[in-house]
Amino acid sequence: MERVDELIIVIGSAQESHTLSNPFTAGERIEMIRRTLEGNNIDLSTIYFIPIPDILMNSVWVYHVKSFSPNFDLIISRNPLVLRLFKEAKYEILEPPPYDRKIYNSTYIRRLMIENNNEWEKLVPTEVSNYIHEIKGDERLRSIAGLS
Amino acid sequence: MERVDELIIVIGSAQESHTLSNPFTAGERIEMIRRTLEGNNIDLSTIYFIPIPDILMNSVWVYHVKSFSPNFDLIISRNPLVLRLFKEAKYEILEPPPYDRKIYNSTYIRRLMIENNNEWEKLVPTEVSNYIHEIKGDERLRSIAGLS
Amino acid sequence: MERVDELIIVIGSAQESHTLSNPFTAGERIEMIRRTLEGNNIDLSTIYFIPIPDILMNSVWVYHVKSFSPNFDLIISRNPLVLRLFKEAKYEILEPPPYDRKIYNSTYIRRLMIENNNEWEKLVPTEVSNYIHEIKGDERLRSIAGLS
Amino acid sequence: MERVDELIIVIGSAQESHTLSNPFTAGERIEMIRRTLEGNNIDLSTIYFIPIPDILMNSVWVYHVKSFSPNFDLIISRNPLVLRLFKEAKYEILEPPPYDRKIYNSTYIRRLMIENNNEWEKLVPTEVSNYIHEIKGDERLRSIAGLS
Amino acid sequence: MERVDELIIVIGSAQESHTLSNPFTAGERIEMIRRTLEGNNIDLSTIYFIPIPDILMNSVWVYHVKSFSPNFDLIISRNPLVLRLFKEAKYEILEPPPYDRKIYNSTYIRRLMIENNNEWEKLVPTEVSNYIHEIKGDERLRSIAGLS
Amino acid sequence: MERVDELIIVIGSAQESHTLSNPFTAGERIEMIRRTLEGNNIDLSTIYFIPIPDILMNSVWVYHVKSFSPNFDLIISRNPLVLRLFKEAKYEILEPPPYDRKIYNSTYIRRLMIENNNEWEKLVPTEVSNYIHEIKGDERLRSIAGLS
């Protein structure tokens, strides 16, 4: 928020939920981010949450995002495909802040959840672990994995 | 906003644009509403804009909305199909405020635009008419209608 | 059933419901037919109900039906497009029995329902009118039409 | 059939065929089950076969099934995802009978077919192996695997 | 061909056939144009025929066409929506030659066919009327209209 | 071209691009083949390029191809699934010429590109390597792989 006036948070693969890689609905993912921002006293009035379903055609994906979203000038992402597609469409890219990708790794965190190892709670914001417990999201993930 | 804590504004048929009934993209529609709320000094921090593409299966539409959106308890809509679907799914319905449906009628407003009759500007908030001029939305509508 | 050994009843546009022309889900349509057949003591053990969603590509539709359905040799239909598509695919067509198409007309029957005119009950089998009352299907149709 | 009055057999991924995991069309799968039930003198008049295409949105899948199918109260399945989705939608689950999952394993049976090992015939009902030979289904599977 | 080096003929709504407005498959439409060009001794080696299915999202349609087609610089079309979409994407538009739109009107020609009025044959190139007779296309159109 | 009068080159999975297995759009793939044929002085006037998007229903795929394409009698392919589907639809199959599948292997060639090993240029026609450099296709592939 120090670098931009408005922030549009795109929730990709919005149609997906209850899978091993996307256990939560788009709406649940919005709730997690929203509560975390609130918990950090970040002003929500200049932040949008835009769920975008997959379109399965990479060549038009940038224009699909553009049509679902308020206007934007800069892109922040760590996804190589997303970066490439916006670069080919001549968008300017902003470098995201560095982080420790070994432990803040979504596959690793979901694996801990599946193994019923509570260590995952320390790797996500408190608001997120509370919310996941509230909706029994960890139980859901274990069910999908065939373990409960 | 006097009756609810949070407001989720669903932008329906989000995949549609450049048609006679939906000339604007979902993102452009969000901009119009957002600017109008800002112009009226309404606090945006408790308002969400959720674009939702059509799914063409009315029997699952309520659950489709539910999965794209943060949690909600009440429905406000004037669309008879939307009201019916949420009612069958046991949601509580809030009565929207009355309005003059003869002149605040989207088909009528778009017809004025197509006929190049500036009267349409008086039937929408100033922020909306300014934005439509900015993106040449009236010219777009006339083009689609085959008139420019 | 006098002319065939097995009957496959295809429920077309199976994804559609809650519209003016298809107010009922595929499952509800199956229930209506099933109950009527039962009420007429017709043996159900050689009858299939196969819901088939629209595919929006007429050129492949026959093969779409074929892949969803047990094997069949003969086609019975009154729909001109259905007849043409199966004819182009070299299927044999059976003539359906004649009927009075002025009053046994689904558009007319649905219009009576919308107008809350109970005459529609006499134009459908008793099992169907009972079932529609049971699921409040006439109320649903009026709601969709914006009349309740 | 001892535990229920009516049985609705859902044929999932109904749009799929000619793949390594789903070599048969929905219609062919219905034929296999139907012939087996007939061969065991099971009354078919209270059994439905409902093909359901994938919808790729787990959050609405239960309601998709509901709209394609006659009314149901209980769910029988061994699929963890199916069980989880129906559980979240508050359906009651019936325990399926135990079986030897090492040899009655569809992946194993298809692998035997691909390797042209006739042992697969002993792992399916006679009606099924006869039907697969009739439609040259084992040859189809080997072709798809690139082996004939 | 006097104004361009290469011509890409886009066959739109390529998934559609056997409807009143698009009775012919994309492949049949390509055959009609191809035979007419051949009959006029036009060099086919610099002409492409690119069938493009509808995508139902106008905001990405230009990029959808771009990804299916070899590279192009200029657009020729009489369709107002197509012209608008390419104009918004900053493409240069070429004016198509004038013609008598009263009689060279596809709706009128199809109506003549439906009415079994042979006058339609004079309004299309000989190659097209021959081809339509060859595939019994006029009979198909009457069948779809419910007239044979 | 010695064995056939006309050649229809089907560009499959036409909707796909910017993936590890299909890095190029259908249009770019057409350009590569077209330029190679031109470089070999092959007459292009009897060759069609038909992009065909995936339909995800193998049982209707042959008829999908048929509807997008001018008429054809013979099939040439090395893909086992394609051959099986056309064989089930009673098409005649032509044997493609033998080749060294160890080095003329698309997965191997794309891997060389990702590893920035210029050896890939020797495994494709000069026209193709020139075109890929022109559109920076090798850089695109490395980007998608997360390597640049």
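Chains: A, B, C, D, E and F, in written order; residue numbering restarts at 1 for each.
Convention: contacts are C-beta pairs under 8 Å (C-beta built on N, C-alpha and C of every residue); 3 or more make two chains touch, one makes a residue touch a chain.
Because the structure is predicted, anything quoted here is derived from the model rather than measured.
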Homomeric contact subunit B-subunit C: same or different residue positions, threshold half: different
Option reproducing the contacts of B-E, where over half of them reappear, out of A-F, A-B or C-F: A-F
Contact-richer chain pair (by C-beta pairs counted) among C-F and A-B: A-B
Mean-CA-position distance for subunit D and subunit A (Å): 35
Centre distance in Å when subunit B and subunit D are each reduced to the mean of their C-alpha atoms: 44
Chain centre separation (subunit C, subunit D; CA means) in Å: 26
Per-residue overlap in subunit B, given as positions that touch at least 2 other chains: 15, 17, 25, 57, 59, 66-67
Interchain pairs in contact, sorted by label: A-B, A-D, A-E, A-F, B-C, B-D, B-E, C-D, C-E, C-F, D-F, E-F
Residues of subunit D that touch subunit F when the two form their complex: 15-19, 25, 140, 143-146
Residue ranges of subunit B touching subunit D (in the complex, touch as defined): 55, 57, 59-60, 62-64, 66-67
Contacting residues of subunit E [partner subunit B, same complex]: 56-59, 80-81, 83-85, 87-88
Contacting residues of subunit A [partner subunit B, same complex]: 14-15, 17, 25-27, 30-31, 34, 43-46, 48-53, 66-71
